[in-house]
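Shared between the two complexes below is subunit A, which pairs with subunit B and subunit C, respectively.
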Partner chain A sequence: MTAILRPEDITANKLISSAAEWTLQYVLKPIGQILLFVFIAGGSISLLALVVGFVLQTDWHGIDILRVPARINLFEQVLRQLPNMLLDGITIGFVYAVIALGYTMVYGVLKFINFAHSEIFMLGAVVGYEVMMRLNEAELLSSLPPLLVVVLMIVMAMVVCGGTAVIVERVAYKPLRGAPRLVPLISAIGVSFFLTDFVRAFQALNRNVFNMPYLTDRVPFFNERIVFAQGVSTTYTTVIIIVSAIIMLVGLNYFVNATKIGKGIRAVSQDQATASLMGINVNQMITITFLVGGALGGAAGVLFGLKTTNITPYVGFIPGLKAFTAAVLGGIGNITGAMLGGLLLGMLEAFFSALLPYFPALGLGYSDIFAFAVLILVLLFRPTGLLGKKVDEKV
Partner chain B sequence: MKTLKLFAILAIVALIAQVFAAAPISAQERVIKIASQSPLSGGQSTLGTAIRNGTELAIIQLGKQVEELGFKLEYVPFDDQATPDVGVSNAQNIVNDAAILAVIGHLNSGVALPSSEIYNRENLVMISPANTNVNITDRGYPTVNRVCGRDDAQGAAGAKFAVEELKIKTAYVLHDKTAYGEGVANFFAQALEQAGVEVLGFEGTEEKANFDAVITPILAQEPDLVYFGGIYNQAAVFFRQAREKGLKSQFMGPDGMDSSDLVKIGGEAVVDMIYTTTAGPAALYPAAAQFIEDYKKQFNDDPEPYAAEAYAATQIVINALVKAIKENNGQMPTRAQVAKAVRETQDFETIIGKISFDANGDPKFATYYILRVASADPEKWGQNPLIASIEAPSPLTAKEQAGK
Partner chain C sequence: MALLELENVHTYYGHIHALKGISLKVNEGEVVTLIGANGAGKSTTLRTISGLARPRMGKIMLEGVLLNNVPPHKITRMGVGHVPEGRRIFPELTVRENLEMGGFSVPRQQLQERMEYVFQLFPRIKERLNQLGGTLSGGEQQMLAMARGLLLNPRILLLDEPSMGLAPVLVDQVFDVIHQLHAKGTTILLVEQNARMALQVADRGYILQSGQIVMADSAKALQNSEVVRKAYLGEE
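Take a look at the complex of A and B:
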């Protein structure tokens, strides 16, 4: 609500116009922004893919070292793969974006990289698995509406992971607040090991399992295909992932930019001392930041589990690393940047892995190298990330 | 009276003397240990635990043979975590324990290769129940043996089946970048190409969670068959995601797929998958009926693949120990003597059939089985139907046969 409404001012007209304004400000604008990002990232990458495919399929390039098999018409292949490539890129990009928010929010407030966040994310995936198993054991999994199951999983994961993140902050970071920057970093790495092995031990005692396959194959809904066109189809799972990620991003945008607590968090991230002088409870803001970041991480864990179908206690490391990279790519500390970074990184990965298998001299294993080379290039020209602002650091 | 006293004193002296004489003997190392190395924790622990249980059961049941000769037989299981580093550091601990005279292991060829370098340096004999990589025995070490088949023959057997029975025209081959997975995938792809099948891609991936990158190009090329050279915990996730993305190709894999966890993770997606293995289901071996019963009683679980092979490997070790002790006049044999006795194993009756080692430590003849996953229920893994089995000689045996 941008303007405070006095009771005598309330007329139907004003109410509608203020509701419309609110919707525009906090729902349509962020969604528009997300769509714009998807469009920019997707458009530029598919253009790149088509150009590369076109250049390399013709005979005049003379690049024999790549040894593309003669039978393959690269341009045609790229064209056929493009829709799937974009879908994959967007899906995993949104997952990265939601994880990246956790890194970027904590960095914004504490100027510290919370390496335990990848394990919070893993914990979320495990909580989702547990919820699914419990529902299955209570024979509710197939009778409850699938969307409700997903909501239950996400909510439980958010509660558990938000709580865990707050406890971790309390136990492992808060006592080190005044210490040199490297100290909480080491502490974060320690927490990350602890969480991994805690979950491993817990699930070994609880169910004697290491691999935790999601039971999505028991519910037909998750595997039903939505066919867009010949050869272009996807599952409801993908739609669920994208929609819930967008809801979370929009919700966070509202929380940070429109609520009093959000304002407090922003103030703390700009200047802790001054914020505290203005009557903001800095410790409380930091706790809330961890709560929100952890909850988002947990939700992302469930989405990742739905997507990959099998999780283990070690599943957090790689997506965590990629999401951290996405946060840096977009400009760490910047929430919109984390979103853009996640989407871009997801697209880049999808792009390279869709092309590289056609070059037997290179192969799939190189896709991360290329994706990260792009990251280095971006950082060379924009050291603060794509949307990061240049600020003088007080080192 | 006097004589009685004298007799009593004499008896006491004799008793004390005997105690003193006996003490150094029992204090001497009259303990023989057998170690095992396999992943007991992590994603492949189902198979690793089967190896441990098979070994343990054999030692419980057959340890008497060694104990009758005045030795105590002990069992020490190690967890190699399916990781080469851990396997090697365990191997260091194993060779430093002088009482350990034999090792049963490993599950993963990538772990067995570096670890066996250390065993071999100390003449410690290893019998593998599961390692199919060709380099395990092709190094010609006198200490390294296996009771299972080899990947060159396994890859070729799988390819022959794919060409002749499945009548595929195109295939896409993946592997997990380990010595085992890449090895068997290579042999499979080569055999396919020789048979005129077009191999659309040959890719390695260490990814365990998100297989988008791998699946997209496969989807675009629609191969008749997708082969994954690797272990079930990774492959099952891949197969499930590939089916979810609409890939309709036939799936196939090597003996790393042979675990009920494959269907636990993969669900319906892996039903009708074809896999080759060198370790047939325990129910297939006529001599293993008693073993299956005892195993269920001891561990309250059905024997997973490699449990019977580990049992058979331990049978060979115990047989060799008995022989080595006898040849050494009842004294503690050296490791080299045990290794020699193991290698000399000829026509020895084990629960998985008769085993004779050739000069490299391969079984002279190994059987390769081709099975189909019948059900998404993990309980029914042991009932997967056998489609075909091929007996093939080891390379040395084949050469011998050709020479004759």
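Take a look at the complex of A and C:
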């Protein structure tokens, strides 16, 4: 795609000519893009749902091996479930998208999969829990405005997780920069175990707990429902998750594309040596990448905690793996791709979770298998991911 | 004191001894060229100056300040602009962003001035600000690379084969710019395969052969030297 160039627009003096243009470029455009992705993901899943529902409804192919009770009309069920399914998919999809950004950003600059990122995410969920507990102990939880509570949780998680990610990079990855590629990977797995056990030990000593239930039921606001139509409703928590995720995605887009540091990070991810010839401090850019990726992971942890309301020190593994998959699906290293991948994966998961309970022979537990089967299919046809591209370099 | 001075510099790539005791000087305002066959160590010399490769022995000094252990981004900020071999444009940044990266360490107010300056030298670039770097033609990429290196307002500009792979017209353009820069007093260390044109623009030159300097003289003298004419100017 090439933009149409009008020379009269292009003055070196003004990077962005007006506030309106700025808003368009860095707020409306990314929001539009996110909506487009929601639409693409939702649309393709709806289509899939309708086709599958239609096929399953006819019984000429002997699906009775799956032991669907005969009185259930699957097509009708799928249709009825569709709106809630989409909402569910969007919610979890946004959470995956935010986590996936951490994987993809670090991969972009270091060409390295930071497997400890899932535990940074878990740590975020735990920090959110701690903030809630402390507010509750200070008897502030139900008196403070709920939105403020959420903001406090997210900000604390971002600070702690951003900081932790930076320390992890310093201690566990930086000394291994020149080593063969598998070595830092092993180090990351080690950090993963360490963080899990550290949190487990900490909460055992601190509160003598393993399960950490979020106190969302102490604040009625979280569970109040917004009813869109008959049978289609959602909680304020869902809205909070979606809105915060969108704010973070838009913020990150601005950071990466419009700020000097963000551009520096992109330059480093394309060519470290040349970036250093520009006077860019490569190590500093790498640190900032971990800081931002960690902060996003932490925030995603809080959102995840709000959604699932019960977390443990082991809660990072599965969502982390899925977010990583989402990053690969979108094209690893590609920030926009991570968003699309996250949303698609969330949708797929929601779709199979909604559908599978009708098949007693299969059940809900299989939803991941189907979701991943679709992913593998996609990657067979597009190994670089949906938005990943092979860059041919000019010599 | 010379602006840039290398003293008995040895650089290795693992076991490969790429630079075997290079000594050279570049004075303020001079254009000095470094000529040599493929693999002689020209790029390695520039990379060692800008910190991308590290000398195992010897001294690299910018106005008497030792650069041996200064990280590359700081060397750049001290005023060493390096336009690397193969241009190394950031392919997925726009032309404008590539330029902004060149001015990464330059304060905002000055950056504006520098931008205007490089647009005067390379008017073509100004027309392509929103295009992705990777989609520029080879010639345009070279112009951009040089513009990017100049944004920093370097004390000394290291140019690594700026005419590589360019059509004759573009080679002329590139050397035209080097002449202009010279006239304005920019200090340049120029690495070239095109020895004839390099010696025309340069004040002095060094001939590099398998990691060693085998000849050092004024550009005039080198142009007239029997050996150079045979080996590097392709004359009988």
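Details
In this text, the second predicted complex is superposed on the first by the 366 of 395 C-alpha atoms of A that agree within 3 Å, B and C clash if a C-alpha of one lies under 4 Å from a C-alpha of the other, contacts with A are read in each partner's own complex, and residues count from 1 in each chain.
Throughout what follows, a contact is a pair of C-beta atoms (placed from the backbone, for glycine too) under 8 Å apart; a residue touches a chain by one contact, two chains touch by 3 or more.
These figures come from a predicted structure and were not determined experimentally.
Once the two complexes are overlaid on the shared chain, A:233 sits against subunit B while remaining clear of subunit C. A simple residue count on subunit A separates subunit B from subunit C, and the partner touching more is B. In the superposition on chain A, contact is made by A:210 with subunit B only, not with subunit C. When the shared chain is aligned, subunit B comes close enough to touch A:92, but subunit C does not.
Looking at the shared chain after the overlay, A:267 reaches subunit C, while subunit B stays out of its contact range. In the superposed model, A:84 lies in contact with subunit B only, and not with subunit C.
Residue contacts after overlaying the shared chain place A:275 against subunit C, while subunit B stays out of touching range.
Annotation: subunit A has no residue touching subunit B in one complex and subunit C in the other.
Within the complex formed with subunit A, the subunit C residues making contact are 50-52, 71-73, 76-77, 82, 84, 86, 88, 90-93, 96-97, 100-102, 104-105, 112, 115-116, 119, 126-131, 134-135, 138, 141, 148, 152, 165. Contacts from subunit A toward subunit B in the complex involve residues 71, 77, 80-81, 84-85, 88, 91-92, 200, 204, 210-211, 213, 217, 223, 225, 233, 235, 237, 304, 307-312, 314-315, 318-319, 349-350, 352-354, 357-358, 360, 363-365, 367. Residues 2-3, 5, 7, 10, 12-13, 15, 260, 263-264, 266-267, 270-271, 273-282, 391, 393-395 of subunit A touch subunit C in their complex.
Chain contact summary for the complex, subunit B toward subunit A: residues 41-43, 45, 177, 198, 201-206, 208-214, 216-217, 219-221, 233, 236-237, 240-241, 244-246, 261, 264-269.
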